[in-house]
Amino acid sequence: MSERYDVVVIGAGVVGTAIARTLARFDGTFAIVERAHDVGMGASVRNSGVIHAGINCLPGTFRARFCMEGRALLQDWCDELNVPYSICGKLVVARRDEEIPSLERLMADGEANGVPDLRIVSGAEAERVQPGISGVAALHVPTSGIVSPYALTIATAEDAADNGVRFFLGSEAVGIEPDEDGFAIRTTTGTIRTRFLINSAGIHAGRVARLLDPDAPAVYPCVGEYLILDKQAGETMTTSVYPAPGAANAGLGVHITPTTEGNILLGPSSEYVADPETVCCTKTTTDRLLDEACVMWPDLPRNLVIGAYAGLRSKLTSPATGGFSDYVFRRTTEHPNAVHLLGIESPGLTAAPAIARHVVEDLVSPDAGLARRAPSEWRVRRWPDRFDELPEAEKERLVAANPDHGEIVCRCEGVTKAEILHALDNPLGVRTLAGIKFRTRASMGRCSGGYCLPRIVEILQEERGWSPDDFLLRGPDSPAFAGRLLEASRV
Amino acid sequence: MTTKRITCILCPNGCEIEVAYSGEPTAETIRVDGNLCPRGTDYVLEELTDPKRTLTTSILVRGGTQPQASVKTACPIPRAALLPARAALRTIVADAPVAIGDVVARDVAGTGVDAIVTRAVPRAVPRTTASARRAS
Amino acid sequence: MSDRTRKTDVVVIGGGPAGLAAAASAADAGAEVVLVDRNRTLGGILNQCIHDGFGLHAFGEVLTGPEFAARYVDRALDAGVEVRRDTMVADLSPDGALVCTSPGTRYRLRGEAVVLAMGCRERTRGMLRIPGTRPAGVYTAGAAQWLTNLANVRVGRKVLILGSGDIGLIMARRLTWEGAEVAGVVELLPYASGLPRNITQCLDDYGIPLHLSHSATCVHGRDRVESVTVARFDEHRRPIPGTEFDVDCDTLLLSVGLIPENELSRRAGVVLDRTTSGAVVDDGYMTNVPGIFSCGNVLHIHDLADWAAEEGARAGRSATDYVGGGRAAADARIRIEPGAGVRYVVPQTAARSADEVLVSFRVTEPGEGKTAEVAADGRVFAAESLRRAHPAEMVQIRVACADGLDVDRLEVRLA
């Protein structure tokens, strides 16, 4: 770590990796430092996976601007990277006539942001768009979409890695000292020097900013809990359904969002938390998610809940204030070569490519003097097609070419042994169970890994010589097991 | 008069048997009630005087299709001997192939009872992985 | 598109006790049988059930799971069943066409009859919505059993078990024998759901506490389980405030129910029973799809492998009858339904012309001195006194009707 990079990014979430991918199209040396043992392990894989249309952003803000710019770029990126997405549309549903004005306000904001094709429709027409929902009227947002947030983050990161960005995983920034030509970033795995620094550390961005700049604002973690429904539920619910905002008795305002894989997400909730390290799901909130979702979707199959998760938003507004604030790109006159991205909450996923473009092209590159690389100097790393989704003839062909595609390891998601082994060969060097999970979908199905985990353990022990201690859920602090049951050599 | 309730474990019926006796429990002194078959009486007496259990566990196998074979004591052994018996079996490594009924240890932990294999483990054939195929 | 379609009389999906017995009996009855199983070794879940208690009814012996399985493997092979291991069925259509996948090959198979014997999966933490963090160290008991008994893995050092079903009780003893500390078993209901003898030989023998009317309210630990909060629950399954206590542990095992694995069945258009989550079948174990049969745990969760195997044997014979044209497809049917005190019955329909129907059912709550009745229109067709009935124990009652069943529906109830 003794060389000096041109740019180092702290935080490999969807925004940090988008910045890394954008940097990789320039000449220079770039690195990204991430405390977790894979990319996207914070909010980036624990959100709704929505490509926002732009109706929910105050016109004139960074949020609105980067939402509109980002949603177009995001679709381009997904097309290039082969990341699953779908423009499935959204209905914002009014349950009572009193809620219709809020739909009109959303529509006005949306039109001011340039969102096309917005229409307020009757309850009956809303039901024709999405059978099974209940309301008196709805705002139909045809340009709203969904994307796989983990596929996006990992594909973006691995593409950046393939094109020269160095990834330091398991490396937490604990100190930032300005030096003669930029900064020395002290991490838990060594010191890394850089000319320019981009802080995209999400809920930790405030703390990281204050390593350099004691006046940097605080970032407040705000938890959003979700429930996941079985793919059976996704057979009939294919459009996002949101309640009209700010209604009386609005409760959590729970959203119903399909995923690109066919599951349904209910959530998120919204509650400030004191400790960002312990992200929890709670009984009261998940009960409320179900109850409120049933109001919009009376036949919601409650028995099809298969999981729950919680993610932390990065909020600049304090618990006392609440509400939203715009994105902050903080640079001080004392340290103009450090850019801190603060408060990147919704629509952060949608905006990520646009935020990356802004930070790299508008803020850093002019001072850093980075020159664009010719397209022939980089290549796109495509996210692999999922075997389970291929046509039968293609499956047969692949099985004949690679026998390991003939063995289904994750029964619920149809993941083959070849896909599992390929996931371990990723350019980031990730070897965790969560790493396999997000790259293949193994253990994300209805049986939560009850079928595939023992088989993955068997395969890796027999064919890759792994021992029980090599199986880590998310990193060295989360060992899956406690060693072998029986040891061959005993003292 | 001592009374106890003992669940018989000999079969899935799991009869809850009430046993009463004065002084020491013997075949003559105990009175039992609640068992569906006479084996329950024998079980209760043994449970009161010399409780026994079958140990079902695993041992390591070398060169087999799986790392362990399951084993059991050929018949029930005294309860107090269960953990020492398991400990004694931890040091055993059998060579594949092993068949159901193979004796892997005699007189386990001094009980006079053998440990036998309950799950066959054939010899491992090298698995043909995709990479091995491409190499050949 | 591949044209390698092997056709046979009967395809059995699943090589556990039900599938093996179905295959053997179908072959014994004269059919050509192919059995496919996704594991390397036949026996299904029995391979990891290294404890004993199997075979008492089937063989009059006390066998471990693998020994019991080996008997049925021998029967199937002796009967001439063609076995395909390492083979998973990726798709099934109503006409009996299967897509099979195996290392290096993906092909089609067609059975004039197909017997579903895929077994079941376990209820998960996600389905129960147990709150808290999501650390390493939370496993279903069956997955932990595989890891312990087949993969030589120690799952953890200090274990709390949620659910007093037999799998959890057996794992409590197994892990204790292997040097782990089992902090306790927690059961939501006011009674244990496993067999009483397992309470004795798995918990009482080792002083492992059983907390009835308790359940887990929160999992703690960011990276690996550190503790689990347990509370007493009331009769409405709500935690009672003030009764919480924390159990220090690094592992939480879940033994909270089994769910028949009918994803493949759904693809074939098989109608499922909402209570059992298994197929709706007639007295020949045929589903609503002609030629598709169901037996074993995929039909309804069995308490003993012996019964699953017997049911498989009946289904296998019935499948061969069907292939031979012996089943009158349009036979008039009667419904068999659960009544007072009974949670479900299998089969759910029977041919009006049937001269005997074996009905399997489970009671809704524990009780003593009850009588099970199969009745209709005030007439009792069969009755059996149940000295002790428990939801964990399957009950079977034989309804003999030499003159056929001249009613529209039969009710199985407790009196």
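Lettered A, B and C in written order, each chain numbered from 1.
The working rule: a contact is a pair of C-beta atoms (placed from the backbone, for glycine too) under 8 Å apart; a residue touches a chain by one contact, two chains touch by 3 or more.
Keep in mind that what you see is a predicted model, and the values were worked out from it rather than measured.
Counted by C-beta pairs in contact, the busier of A-C and A-B is A-C.
Ranked by how close its C-alpha mean sits to the mean of all protein C-alpha atoms, the top chain is C. Between chain B and chain C, the centres computed from C-alpha atoms are 24 Å apart. Chain A and chain C, compared by their mean Cα positions, are separated by 38 Å. Centre-to-centre, using mean CA coordinates, chain A is 51 Å away from chain B. In chain A, the residues touching two or more other chains are 403-404, 461, 485-486. Among the residues of chain B, those touching two or more other chains are numbered 58, 60, 67-68, 128. Contact of a single residue of chain C with at least two other chains is seen at positions 103-104, 150-152, 178. On the side of chain B, the complex with chain A involves touching residues 58-60, 62, 67-68, 90-91, 93, 127-130, 133. Only residues 227-228, 277-283, 286, 305-309, 392-393, 395-396, 399-400, 403-404, 406-408, 411-412, 414, 417, 446-451, 453-454, 457-458, 461, 468, 472-475, 477-486 of chain A touch chain C when the two sit together in their complex. Chain C makes touch with chain B in their complex at residues 40-41, 47, 50-53, 56, 62-64, 66-67, 70, 103-104, 149-152, 174, 177-178, 195-197, 199-201, 205, 303-304, 387, 393.
Chain contact summary for the complex, chain C toward chain A: residues 1-2, 38, 86, 88, 90, 99, 101-107, 121-122, 124-127, 129, 131-137, 139-140, 142-143, 146-148, 150-157, 178, 217-218, 222-224, 250, 263. Residue ranges on chain A touching chain B, taken from their complex, read 402-404, 418, 461-463, 485-486, 488, 490.
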